[in-house]
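Dropping the structures in below, format is structure tokens.
Each of the next two complexes has subunit A plus one more chain, namely subunit B in the first and subunit C in the second.
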Partner chain A sequence: MKKIDETRLKNIVGEHNIKTDPSDLYIYGSDSSVHHAMPWAIVRPETTRQVQDIMRYANQDMIPVTARGGGSGMCGQTVPIQGGIILDMKRMNKILEINLKDVYCRVEPGVVDDDLNLALKPYGVFYPPTPASSRIATIGGEIANNASGVRSVKYGATRDAVLGMQVVLANGDLVHLGARTRVEASGYQLHKLMVGSEGTLGIVVEATLSFVPIPEFRCMGVANFDSLKDAGDAIGSIMAAGAVPSMLELVDSVAIKAVNKTMNLGLKEVAAALIFEADGMVQEAVDYEINKMKAICKQHNGQDIYASYDPKEREKIFMGRKKLFPALSKYDDNLASTALADDMAVPYSKMAEMAEKIHEIADRHHIVMTAYGHCGSGCMHTKILMDTRRKDQWDDAKQAITEVYDYVRSVNGTTSAEHGIGLSKAASFKLEKSDSLTLLASIKKAIDPHNILNPGKLSQAPENWVTATNLRYSVNS
Partner chain B sequence: MKKIDETRLKNIVGEHNIKTDPSDLYIYGSDSSVHHAMPWAIVRPETTRQVQDIMRYANQDMIPVTARGGGSGMCGQTVPIQGGIILDMKRMNKILEINLKDVYCRVEPGVVDDDLNLALKPYGVFYPPTPASSRIATIGGEIANNASGVRSVKYGATRDAVLGMQVVLANGDLVHLGARTRVEASGYQLHKLMVGSEGTLGIVVEATLSFVPIPEFRCMGVANFDSLKDAGDAIGSIMAAGAVPSMLELVDSVAIKAVNKTMNLGLKEVAAALIFEADGMVQEAVDYEINKMKAICKQHNGQDIYASYDPKEREKIFMGRKKLFPALSKYDDNLASTALADDMAVPYSKMAEMAEKIHEIADRHHIVMTAYGHCGSGCMHTKILMDTRRKDQWDDAKQAITEVYDYVRSVNGTTSAEHGIGLSKAASFKLEKSDSLTLLASIKKAIDPHNILNPGKLSQAPENWVTATNLRYSVNS
Partner chain C sequence: MEKKTKDFKHLEKWQSTLANCIRCGYCFEHCPMFKHTSWESDAPRAKIITAFGLLSGEVEPSESAADKMFSCFFCGRCEAACSSGVPLTEIFIDAKKDLVEMGLKGPGTTSTTELNCARCLICVGSCPHDARFYDGKGIATDPTKCQSCGICLDVCPAGAAKIKNDFGTNSDNLIERAATFLDTHESAKAIIFACNWSYYPELQASLLPESETRDKGYEILVNMCGGRLGAHLLMAPFLHNAWGVMAAVCPDGDCRHDGNLRAKKVIETLRNTFKSIDINPERIQLVQIPAGDKTLFQAEIDTFIDTLNQLGPIR
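Right, the complex of A and B next:
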């Protein structure tokens, strides 16, 4: 292990903004993934200048630097697999400007998504890419992962909302990318390149984001299905019909059972349910979208179809989806709900097949997998429930995931829908992007020649994610 | 001048697909800009394989290669300033797939925008980024320039519609970038990097594009203004109010006069007019948007405000805008309408000031400039009318443009709204992006180490665009 020059770092950020205590290092060694690796120091910059100085030092001494926001990454994006500095960006959490006339805001990277939306709300606008982890996810982390969420089907992902940014490069240089205007034609869209680069190309220190009006009307509906295939086909038909849902979510039988068991919601235990929403400034337009989606659900044998504008009813409909994460962890006392390589996107017409495939593969490998997600965006998530104490279950999970991703590639889907690549999805990512890995590596080398920015991730990650790091679980051998 | 190995090229594409006749070379030496430079050969590939073989040869012999679509670039993007091969992509013009279920189409780069939309129309969908030059502009050229147009205010620019692409790199390697799915989170959004790179990073040989439903209802309105400032302020207020126009265009007094003079439209010769449109599947929603925009125009002293769903009325309203280009060339027999550095984007709140600034600067430099454009996207175009025979008028134009762009930068606007950078806007681009030019150059070098892909453009372009190439005008000294 290289030695960190603590004195130099203290001179940059002050003693109170450095942590090297083993217990602190341990905590910062994991995110929301299954991975763990120890950093050498935690550094908490408060200004752009400090980030520049830290990078100049790290670049000179070739110390790995991994920027970290809320730690909600699910694929090990911020697990410091090669040690080095964890750059905790949460102290840079100022909302610098809310410009209603020019329809943008400027924020520091440590601003939490929900806090931004809280600040925007009095002005009748919102920042729409918001992922499910918005209570802790920071804008910087969302940019690094090109985050998206339930409303991205209508309003787009982070990449669509980022107009520009300031980035500190590996050598400490500060660059202004993108613009504060709605259009910008050419000259390399470097801010779009930074979005989704998982901290491997630069440290975002400021972002210019667009926002949109909060709609006057929201209507949410639900439909139950006796077969997963019918539900999947309904999703495909809704999107192919040009409907504009502001939300289109799938929950399967595993998810429904889990939620019923832990929340006592009394949901009908069907094979699958679709939750759909439309929003807008004019009720007739919202009605139009909702009626279209209801009709398509009916065509695909949907049952118990209903929809409501009432906030309480909407909350009730969405409750099953919202509480899915905690519920899954209580599905079976012997099975832990793990954040593994658990999301993907496939073309709409493959949604049904994908959902069925997940269950078939899970059964064959003696684990439980649930199919759910923001299917209106082509996005399908899974959760793997398994006995994490048993080594063979990790092998089962690994094999199941490999098969899921083999299928995804075979139908022109993608490894990375929302949760990023990090460590857990790197093997599949490398297969999917096999012909552009050299290009990717040449860009990385050009921008970060000493490979200090979040090294060992994406195409640099080890092939076997199970052995890539220490797992955050005690596994019996 | 280097020697082209004609035999080798003939072996790749066949004799009929090579042109070296001086008259052909002359024609391909210009686009829709003021620039001209002679290429060494025109090569017209018909397959991806041929493009790969051409690039392998060019990379080995370090021959510049400039891909060319419809030749509608307005900043000299395809003018081969360092000679070499013009790669005429128009023979690769197949629409490969229209996939209604998965809501994408796949096309070769030589497909003309209007032809794509003609093919999509029977299915009730359209490809929305469409620029004004859609009768000749190709999808490949639109990707290279991140083209956008009248409807981009609602539907986005090319960068928003491109899901994925196949690209031949400088060394002849074929890479698949992006995906066929709606979301794709991370791992470097290289397809977004290619969009707007003006042929300097690779040759697009196939693109996967999204499309959207053709709306059932379209309503277009118009408002006249006695001051340019009022019109500009109305634009800002419309966008700040969260309105969703499907079109929001400004035409100023110069434009109106020109159109009246040549088309006899009898438009009221006011200081400025706004043309606005809303569209959708539900008439009430369209009404809502139109009424909102009408009310805001009225608040800003708009007059003669009216709107119509009737296709004939809409055509009449839009006629003045549509015929602006040919009309401007007839504004004054002694003045030619030139495609110079003629577009920019500024934050909405600066629209009014920008429009007034254009007129003020033009007056001071004894030229005529018109302010118009897709202002709902923050985009403002100008046309410069000048006596192209007079050398001093070129100097006047250059000075005026410099001042316009100095202003644009001072209000956090951008040099490149829609028309790209190429040669004409390079000087301003370099000032605007001064802190990221090194980054840009390092990426270019990593991807195209021999600098053969459209060399001498963007940040590589000469400082003085007037002397950068032979002008396409006979100028008296």
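Right, the complex of A and C next:
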């Protein structure tokens, strides 16, 4: 392990904002992914100035620096595979301005998504990208991952909501990117380049975000299907018909069974269900969208179709989807729910085929996989349930995800729709972007010549990461 | 990495449960320790990671690792919020048992006894978890039983019972925070003390712009358990011109430490004292809030502030 100058770091952030005890380093060595690696120190800056000073030091001594928000990344984005400093951004947690006249807010990167929405709510507005992890994910982490969520089908992903930002570069310089205006055509849109860069191009220290009014009316509906194909076709038709759902979710039979088995929800065990929602300021407009979606579901043999404005009914409809996570974790005591290939996107018309493919591949490799997700945005989620102690299960899982991704790329889909690449998905990412890898590398080199910002991720990730080594699980050989 | 399993006979049975924690971090916002320090090492997930590391041999059973396992107020909120049904506090207790056998005792948030202990045994009788006992020399705490409710601190007449690692929950700290709020906000009227159950966490880790908080009329301070609401804590805000003080605790039967019953008694006594010195007893109130019932809690606060507005400041 390379030596870091603790005294110098203490002088920058103060004695109480650095940790180097192995028990702390171990904790900060993992996130919500399957990976683990030890950092050398955790440092918590409070000001932009401190971030600049830390970067100057790290750049000079060539020490890797990995920014960390809530540590909810699912692909090992914050796992420091080359060691170095973890820059814990949670102390930069101020909501700086809520500007109703110019319709933007300014925040520090450690602000938690739910906290921002809590602060915006009294003004009747909300920040829409909101991933399912909004109670822990920070704005910095969401920007770095281009996070999105159930309502992104209507309101867009983080990239659509970021107007501008301040970023500290690898050499410690501070740059102001983007603007505080809705549109900008002043040269390269570098703030958009930062979105999704997974901490490899700079440290976001402030962001200017747009927000939208909270809709007056919300109506949610559900339709059951006897075949995955029908459900998939319904999704395609809804989107092609120009309907504007504020949510369009698919859950498959494995997911429904899991929820029934562990939560006793008594959902009808069909091949697939679609949950759809529309929102707006005028009820007639919402009715129009809902009726359109109901009719399309019916055309595609949807059954038990119904929709409601009543918050209690809506909650009931969404319960199965909401309880999916815990249900998968409790599915079987010997099976853990792992995030490996969990958020690919395919064109709408391939949604059904994709779901079927996932089941077929899982069966062949003796693991359990489920298909669900934000189908309105083309995003399919899967979870792999397996016995993490068995090495052969890891090999099976690895083979299965390779096949899933081969399929995704063969239909012009993309490796990640919302969780990012990090380590877990690098193999498929590199194949998908094979003709632009050199371009990516030259951008990285121009901005971070010493390769100190979150090194070893994205196209730099090691080829064979998903093996039984460096996993956060104990694997018997 | 080579993994050596150490002798963790109590923790061992949780091996597959530990792998079931999906590390989502949904437990963060519920934990008063994390909210106080915002270090991930203090969040519930960190303890699950540590327990996992202890079992797999990747974490040495060191004093600092033990300090993490022994720091918990056993509010159980993480457990209730866990996306994967991980029984966190049961795992913590088993980890503590193994660590104690290895000679590691925290203390973390375990209560300890200072030398000025009068050996009156009041704490021994008051501890809801039978954790305090006379060991032949003085009063000791069984660290595997202590759930850091803080009741012994409050009943101890000598001030000898202490929780050293208090994460901002000790009375001195709360009194100071109440005073700062009252002294720096012109519109300040009330302090609301809430246990970690009755107050569903709002802003967990972010700070609002100053313009948003300038006109705040009240401050909510989480004190962990109603059992820790001593008279001196409840009265302190009045010295800084508070118009009233409200305390929120769990409904009857819901408190793991029966701290709500103690709180009821303390507040009843204070209300009688208020009456006797001609101060309207409505200025000090107790409400019981089922876990997570934000709407009820807000309604109770609004009613309380209305009452205070009618009463005006204390002359």
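The rule we apply is simple: the second predicted complex is superposed on the first by the 473 of 477 C-alpha atoms of A that agree within 3 Å, B and C clash if a C-alpha of one lies under 4 Å from a C-alpha of the other, contacts with A are read in each partner's own complex, and residues count from 1 in each chain.
One rule holds in what follows: a residue touches a chain if its C-beta (ideal position, glycine included) is under 8 Å from a C-beta of that chain, and two chains touch if they have at least 3 such contacts.
Bear in mind that the values here come from a model prediction, so they are computed numbers and not experimental data.
Contacts of A:90 after superposition: subunit C is touched, whereas subunit B is not reached.
When the shared chain is aligned, no partner comes close enough to touch A:245: not subunit B, not subunit C. Of the two partner chains placed by superposition, only subunit B is touched by A:413; subunit C is not.
Look at A:159: by the touch rule set out above, it reaches subunit B but stays clear of subunit C. With both structures placed on the common chain, the touch criterion links A:190 to subunit B but leaves subunit C unconnected. For subunit A, the partner with contacts to more residues, out of subunit B and subunit C, is B.
When both complexes are aligned on chain A by C-alpha atoms, no subunit A residue touches subunit B in the first and subunit C in the second. Here subunit B touches subunit A in the complex through residues 99-104, 124-125, 144-148, 152-153, 157, 159-160, 169, 173-177, 179-190, 192-193, 195-198, 201, 212-213, 236, 239-240, 242, 280-285, 288, 345-349, 374, 377-379, 412-421, 429, 433, 435-436, 438-440, 442-443, 445-447, 458-459, going by the rule given at the top. Listed in rising order, the residues of subunit C touching subunit A in the complex are 1, 3, 15-17, 19-20, 22-26, 28-29, 38-41, 46, 49-50, 52-53, 55-56, 58-60, 62, 64-65, 68, 82-85, 202-209, 212. Of all residues in subunit A, only 19, 21-24, 26-28, 30-33, 44, 70-72, 88, 90-91, 93-98, 107, 110-112, 114-116, 118-119, 133, 135-136, 325-326, 329-330, 333-334, 336-337, 339, 388-389, 469-470, 472-474 touch subunit C in the complex they form.
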